[in-house]
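Both complexes below contain chain A, partnered by chain B and then by chain C.
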Partner chain A sequence: MKRMTGRPVPLLALICVFAGLYAGTAAATDSANTELLQRGQYLATAGDCVACHTAPGGKPFAGGLPVPTPIGTIIATNITPSKTAGIGNYTEQQFSDALRRGIRADGKRLYPAMPYTAYAQISDDDVQALYAWFMHGVSPVDTAPTPTRLPFPFNIRLSMAAWNLLFLDSKPFTPDPGKSAEWNRGAYLVRGLEHCSTCHTPRNLLMAEQSSHALAGGEVGTWHAPNITSDANSGIGGWSASDLVAYMKLGHAAGRAQAAGPMAEAVDNSLQHLTATDLQAIATYLKTVPAQHDPADTRAVDTWGAASNELDSLRGVALPSDPNKMSGAQLYDAYCASCHQDSGQGSFDGGLPSLFHNTATGRTHTNNLVMVILDGIDWPADGSGVHMPGFAQTLSDQQVATLGSYLLKHYGNPAAVISADQVKSLRAGGAPSHLVLLARLALIVVLLVLVAIIAMFMRRRRREAIQAEHD
Partner chain B sequence: MTNELEDVMASHDVPADPSRRRLLAGLLTAYTASLIPWALAQPAPHADRGAFTALSAILVGRQALDATQTARLYDALVADDAHFPADVQTLLTLINQRQIDPQQLQNVLDTEHSPLAKLPRKIVGAWYLGVVGSDEAARCIVYETALNAVVVADVLKPPTYAYGTYASWANKPI
Partner chain C sequence: MSEQLSADIVVIGSGIVGSLAARRLALQGASVLILEAGPRLDRGRVVAAFRNSPIKGNWMSPYPPSPWAPHPIYVPKDNGYLKQAGPYPYPAEYIRAVGGTTWHWAAMAWRLVPNDVRIKSLYGVGVDWPMSYEELDPWYQEAEELIGVAGAPDTGSPRNQPFPMEPVAEPWSMRRFRERLAPAYAVVANTVARNSRSYGGRPACVGNNSCQPICPVNAQYLGINAVEAAEVAGAKVVPNAVVYRIEHDAKGRIAAVHYYDPDKGTHRVTGKTFILAANGIESPKLLLLSASDKYPNGLANSSDMVGRHLMDHPSTSITFYADEELWLGRGPQSPSSINTLRDGAFRSEHAPYRLDFTNISQVLSVTQDLIKEGVYGTEFDKQLRWRAAHQVSVKNVLEVLPDPDNRITLSSEKDAMGIPKPEAHYSIGDYTRRAAEVSKADFARIAELMGGTGLRYSAEGNFANNQHITGTMSMGNDPKSSVVDGFGRTHDHENLFICSTGVMPTAATMNSTLTGIALALRTAGHILPKPANAHAAVSNAEREASLS
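For the complex of A and B:
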C-alpha cells in the first residue's frame, strides 16, 4: 500500500510537471501565433487587399469585384483559405510567388492589376505573417467568382512572363543605410504594401509604371491620382508631415485637400488603420520623393481662390424654365451652398471643407472635380457612410459643367475648364481604351513583317539555287 | 466696421461727373445727422436713393449699410410702388423737421393716422427679412445678408445652412 501510494505521487507530479510544461509551451506558441496573426492582419490592412478582393456587399476576400482596366475587366479572385474556391491549398512558397512574382499556384501568370510589382518589395517575414493570417485568420468562402476573360491577345497569360521580364523588379526592399530608420520604414510601406505607385505613377503604353516619373500622378479609371511628389506646386511639397498624417488618418487636411474616389477608399479601408508611427514614416518618406513639376501648376494647387459669391445675381430672380440654363451661381446656391456655405468658405468647425484653398478646385486636371460632384464621397467600410452626396442622379451634364466652371472661377484655378462632353464621358465610365485594338494592330504588323522576312529569305534561297544550277 | 464703410464708399452709382457729386449730408439736418454720423460723407448722387439710404439707416439703427444691397432693395421697393421715392422724401423731411426719435416714430405716425404709417414697416421688413412685396408678388431680394441673419451671424447661420459635417443636422440636439 505504501509502495502503491508511493509510486503514483511522483508519477502524478511528473504528469503535472509535463502538463505544466506543455501548457507553458502551448501558451508561448499561442501567443507567438496570435502575434503573427495580428501582424498579418495589420499588413493585409496596409496592403488594402480587401479593396479589390471583396465585392460590394460580398464576404470579405471572396473576390468577384470587376476591376475595369484599359485592357478589359479583370475579376478579382477569391483569396479566402477555401480549398475549392480560394487559396486554401497554397503553400507559403506559392503564396509568396503569387504575391511577389505574379505567378499563381498552377503556374499561370497574374495580370498586373494585382499590384505584385509593388508587393515584390515585401520582406520574407511579412510574407510569412500575411500567409499565416490568410490561412488562419480569414474565414473560407467556397464560392468562386466568374473567371476573368480578357479579349485577345491579353487572354494569353503567358504574355505576362515577357512583361515581367521587362517591368518586374522582384527583389524585396533593401533599406538605404544612409537614411533614417523612419525613412526606410516609410519607403518600405509606400513602395511595397501601400502600393501608392499603382495609382499615383503614370503608366506607359504597355501599362507599366514609368519609374522615371514615380508618383507624378496617374489615371485610375475616371479618376486622376494626383502628383504626390515633393514638388511645391504640383505635389505635396508645401504640406507639413502633420498635414499628410491628418490626410491619411482623417481623409482630409484642412485648407488643402480631402480624399475622394479611390483615395477615400484607401483611407477608409487601409490608411486610417495604420499606426501613428507608420503614418509618420510614410509622410517622412513622401516629403523626400524627387519633385515632378507640371508646368501647368503655376502656383501650389491648394492656394487658389478666395471666399466670394454671386448672391446679388440670384436673389429675387426667378429660375429659368430650362434647368440646363441655370447659372453657376443658381446651381451652387441650390446644391452646394447648404454645406459649403454661401461663399464657399465651409462650415464653422471645418467639418465641411472650404472650396478655395482646396486641391479639388486648384488643378487644371478637372476630372476629379466632375467625379466628386457626380459620385460624392462615401466611406462604406468604417461605417461613417456618406461624407458628400453625389449628384449624378440630380444634375445634367450641362449643369455639372456650368457648376464646375463656377467653382473653378470663384474658388479654384481659373485656367481650368470643364465641358459638358467631359461630364458625359466621365458619367459613362470614361473614354474607351484603344489598347486592345492597338495590340491587335501591332500583332498584325509583326505578322506582316515576319511574312515579308520569310518571303525574302525564300526568294534568296531560290535565287541561290538557280545560280548554283547555272554554275 | 471698416469693411462695411468701405462697401458703402464703393457705391455702384457714383456719378460720372464729379462736379455733380453730392453728399448725403445735404439731405440731413443736424438732428438726423447726429443719428447716423457715418453717413455724412457718403456720396448721394441721386437724391431719392440718398434719402432712402438715410431713412433706412435711421430706421434699422445701423451705422453702415452695404451700398449694393441698399440699391437692390430700393429698386425692388420702387418697382412695387411708384410713390415710394416721394414717400421716403416726405418721411425723411418729417423726421428732419420734427426731430422725431426713431424709437417713437411708428407710434407717432400711428397715433396721427399718417398716410406714411406703413412706410417704416415696409422698409424695416425689407432690410430685416430681405423680402419685398407680399403674397404672389413677394420676392426674396436678400437672404444671407438680410439683417435678421447678419445681427446673429456670430453664432447662427441662416436656416438651411449647415453647421457641422454632412448629416450632422440629423444628430439629436443636446
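For the complex of A and C:
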C-alpha cells in the first residue's frame, strides 16, 4: 500500500525539523515547524477531537468524558503526549493506525465511537501534521481516565476486527478530477475530519453507517441529526451556500435553523473556527450530496407555520390549579412569549428566533424540539454566548408535550405531535438500546448451533464407528 | 404532624440573603434546613398572572398573599397587615414566598461608598459600622460573582477585582441623558444583578421592561435562583412553615424553632446554629414574639434595640417632558443614575443621595393622566404618542439616619394564624428633608439641560418609599446599643445569627440587597470558615448541575 511505503520519508523529515528546532539553527525550519504545528492544530480543531477527548472542566485532550453508546459507556482516552497516561510513546505509524484503522499501539482494536471510519479518509500529509501537533503542541497530562468496561460480548475488542472487515473502508480520500478543487476540499472535510456522517448518516443494526443513505439523518443519543443532503424538502437543498456558511460560523441561519445539542457543540468546538474558504468548500460539497427524500416532508422543513396567537383565549381566564391542565397557549404565554414574542415571531433582528419558518418546528421527527425545551441551548461552554433556558426542572412531561404540540400546530408541521411518553423517555436519556441483549442472544444462538453441529458430528462419528465395528 | 426536623444549620427565611448564606454553609458540608413561611411559586405562573392581569402598574398584584403568611398589600386597598402607628406612613412592600421579596426588584446591586461606614467619625451624624469598607470588599466580590453583577467602574465604590460582567446595553433614553447632562452631571450605568450576557446558566436581558413585577426570562438574579443554588448545594427548603417562636434553653442558647403549617399544625425544629433571615420587619417581629420569662422583652433584645432604627430610602421626584423623543420603556426599568452626590462634606448638614432615572414605559401612566384630563378621540392618540415619547422622571434616593423612635413593634391585631401583626412607627427627619430641598436644584438643572417643559415636582412633604428595609437589628460592637456583633451573631445568644439588611447600622444611599448578601456571606464564613483555596464563588457541583 502506498501509505505504508510513503511513511518513512515524512517521518524522517519531521525528525529533521525538530532537530533543527532544538538546535536553534535554521530559521527556515523553525517557520516550517511552526507552520506544521499550526496546521496540525487547525486539523485537530476540524476533527473536533476535543469534543470527546476532554471532560467538562478537565484539561484539554486528557480524556475522561463518558460517551454513552448503544453498547455501553465508552470512556474517552487521554490523547495528550504523556508517556505514561497518553500517546506520548506512539510512533507516527501507530498514531496513523489508531486514527485511520482503529488499532491502538498495543494492537488492540478501538471501538467505532472513535470515528476512524471517517478519519480513514485523512491524507498522509494531514496525519503527519496532526501527529506533530499532538506530540509537540499539546501539553502532556499524566493522569489516565478510568478504562472503558463494556458488557460481554463487546468487552472482547477483537470482535471489532470482524466489524472492521465488514464496515471499514480504509482507503484515504481520492479527489474526483471531474470536480472543482473547492468541491474536493469540501468532500475531504465532510467525509474525513469533520466526520459529519458519524451523526448524520443512519446506522444499521450493527451500528455501522448505511452508506446508501449517506447524510440522510441519524440519531445521536436523544437528539436527531437531521438530513443534510441536497433534498429540497427534507435536507438543505433550499439553503444557499451562504446560509450554510452562516450556520456553521454562527450556529444559526436566519429564518431557517439554529444549532442546539451536539450540533451546537460541533459549531462551538470545530466549525466556527474553520476558515471562510473551508466553510465555503463544505457548503459547496453539501449542496451536491445526493438527495435523500423523506415522503413525510411534503414541503421544505423550514417553511412551515406563520405568525399567530391565541391571546384572546387567555386574557382574564384564571390558570388551572393543576399545571398539567394548562393549555398550550397558556404554557406558551407563561414560558415562551417573553422572548419569542406573542405570535412566535421572535425579535426583529432574529437574535431571538422566530418559531415558524424554523426547522425546530418543521420536522416530523420531534425529538429535537423536546430536547431543546428540556435542555435549552447554551454555548459556547463558558456560557457567554447563545442561551435559551432549559425547562427540564420547570415543566412536567405532560406540559412539555402540550406545549410542544401547540408549537407544532401553530408554528410548525401540524402533522407532527409530541407525546408525554416521548418526553418521559427523552428526559430519562432516550429509549434503552437492546444491542447488548441482541448480541448476547445472537451468541447463544451461535453457541447452540455449534453445540448442535458438534453433537451431530459426534453422533455421526459414533455411528460410523459402530458401523465400522459391524463391518 | 409531629415529624422531627433537625439540621446543623436552621435558616428562617428563604430570601436572597438567607438562601445564599445557606448555600455557602451547605457547600461546607453542613446539613442546612431553610424554613419559609410562604408558598413556593413558579416563575411561569407569575409571568402568566402578570401578562394576563389588567393591573400592570401594581407590582404586588401577581403575588397575592397566602392566608397563613400574609404580606402587606395596598392596591386596590390596604389589607391592613402592616399596621401604621405614624406619624409618617411606612407602606413597606415585601413578599412572603420561597425566594422572598427579590421576586420583584430592580436588581440594583450597589456597594456602599467607603465613607458610608464612618459617618459618625467623619460627619458627626448617625453611627459608624463595626467594620471598614475594605473588610467588606472580598465579600462584595463573592456576592457579585454569585448573583452575576454588571456594572460601570466609576460609581464611587472602589473594588479590587473587576465586575463579573460589563454593563447592560445602554438604552437610547439613558444615552441622551448622559450626553446632554455632561459635564454638569455624570450619568453612569447602574450596578445591577442583571445579565449583560449569558452568565450563571441564565440568559442576557432582552429588554422586556418588566423587571418589576417579574423578569420573565431569568436574566435578572432573583431570590428563587438563590434558593435553587442552596438546594443544589444540599440545603433543604420547607415551604409554608410559619415560624412563630424561637425557643432557648436555660443557658440562653437557641434550642429549637416552632412553626405552624397552613392547617396550624405545630412543628418543632432543632438545630445547632440558627440564622434568622426573615427581612427587616418579620425578623424583629419574631424576636419580639419569642419573649420568655428569661427574656421578657424578646430574644436578642437586652439592649432594647430590636425593631428600632428602622430605615429605608425616601424619594422625591420630578416629572417633565424632554424636548426630544426618548421613548422610555426599552431595556431594563432602571438603567442609569448619577452617583456624585453619594458622599461629601455636606453630609454633616444634610443627607447624601443618588439621582435615579426611570426607564419604565410611560404609556400606562400617560394614558391614565389623559383619561383623568378628559382627553379623547384623535387628540387622545396624538397626546398619548407625544407624551409617551417625551415624558421622563428623575428621583432622588435619600439617606435617613438611624432614629430609635422609628421602629417595628408588635401590633395588638393578629393575623389569620393568631400571630400579632407588625406595626411601623416612622417619621422622616430634618436631615433627610433638607436634602430633598437641596435636590430640587438638581431636578431643575436636569430639566433645563433636557429642554424640559411641564415640570411637575412630587407634592411638598410627600416621600415615596423604596422598600429598602434596614436597621431594625443593627450590628455594633457595644451590646448595649446594638443587636448583633460585626459578624451577625446576636449579643445575647451564642448560636443565633441574623442575616438581613436589618443588621445594617446605617442605610446610606444605596439599595441594600448586595450589602445584605455580602454581610450574610461574611456571617456564613464566620460560622464555618472556608479553606483559602476553596474560595470559588461557583462550585464545580453547581457548574455540573447547571450543565445537566
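In the analysis below, the second predicted complex is superposed on the first by the 440 of 471 C-alpha atoms of A that agree within 3 Å, B and C clash if a C-alpha of one lies under 4 Å from a C-alpha of the other, contacts with A are read in each partner's own complex, and residues count from 1 in each chain.
The rule is simple: a residue touches a chain if its C-beta (ideal position, glycine included) is under 8 Å from a C-beta of that chain, and two chains touch if they have at least 3 such contacts.
Everything quoted here is computed from the prediction, not taken from an experiment.
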item	value
Side-by-side fit of chain B and chain C on chain A, or clash	clash
Partner chain(s) touched by A:316 [first = chain B, second = chain C, both, neither]	both
Contacts of A:338 with chain B and chain C, given as first, second, both or neither	both
Which superposed partner A:147 touches (first chain B, second chain C, both, neither)	neither
Partner chain in contact with A:295 - chain B first, chain C second, else both or neither	neither
First, second, both or neither for A:56, with chain B first and chain C second	second
Which of chain B and chain C A:386 touches, first, second, both or neither	both
Dominant toucher of chain A (residue count), chain B or chain C	C
Partner chain(s) touched by A:348 [first = chain B, second = chain C, both, neither]	first
Contact residues of chain A, present in both the chain B and the chain C interface	315-316, 337-339, 347, 352, 385-389
Contacting residues of chain A [partner chain C, same complex]	56-57, 314-317, 319, 323, 330-331, 333-335, 337-339, 347, 352, 378, 383-389, 394-395
Chain A partner contacts - residues on chain B that touch it in the complex	68-69, 72, 76, 130, 132, 139-145, 157, 160-168
Of chain C, residues touching chain A in the complex	42-45, 47-49, 51-52, 54, 197-204, 206, 208, 216-218, 540, 543-544, 547
Of all residues in chain A, those that touch chain B in their complex	311-312, 315-316, 337-339, 341-342, 347-349, 351-352, 385-389
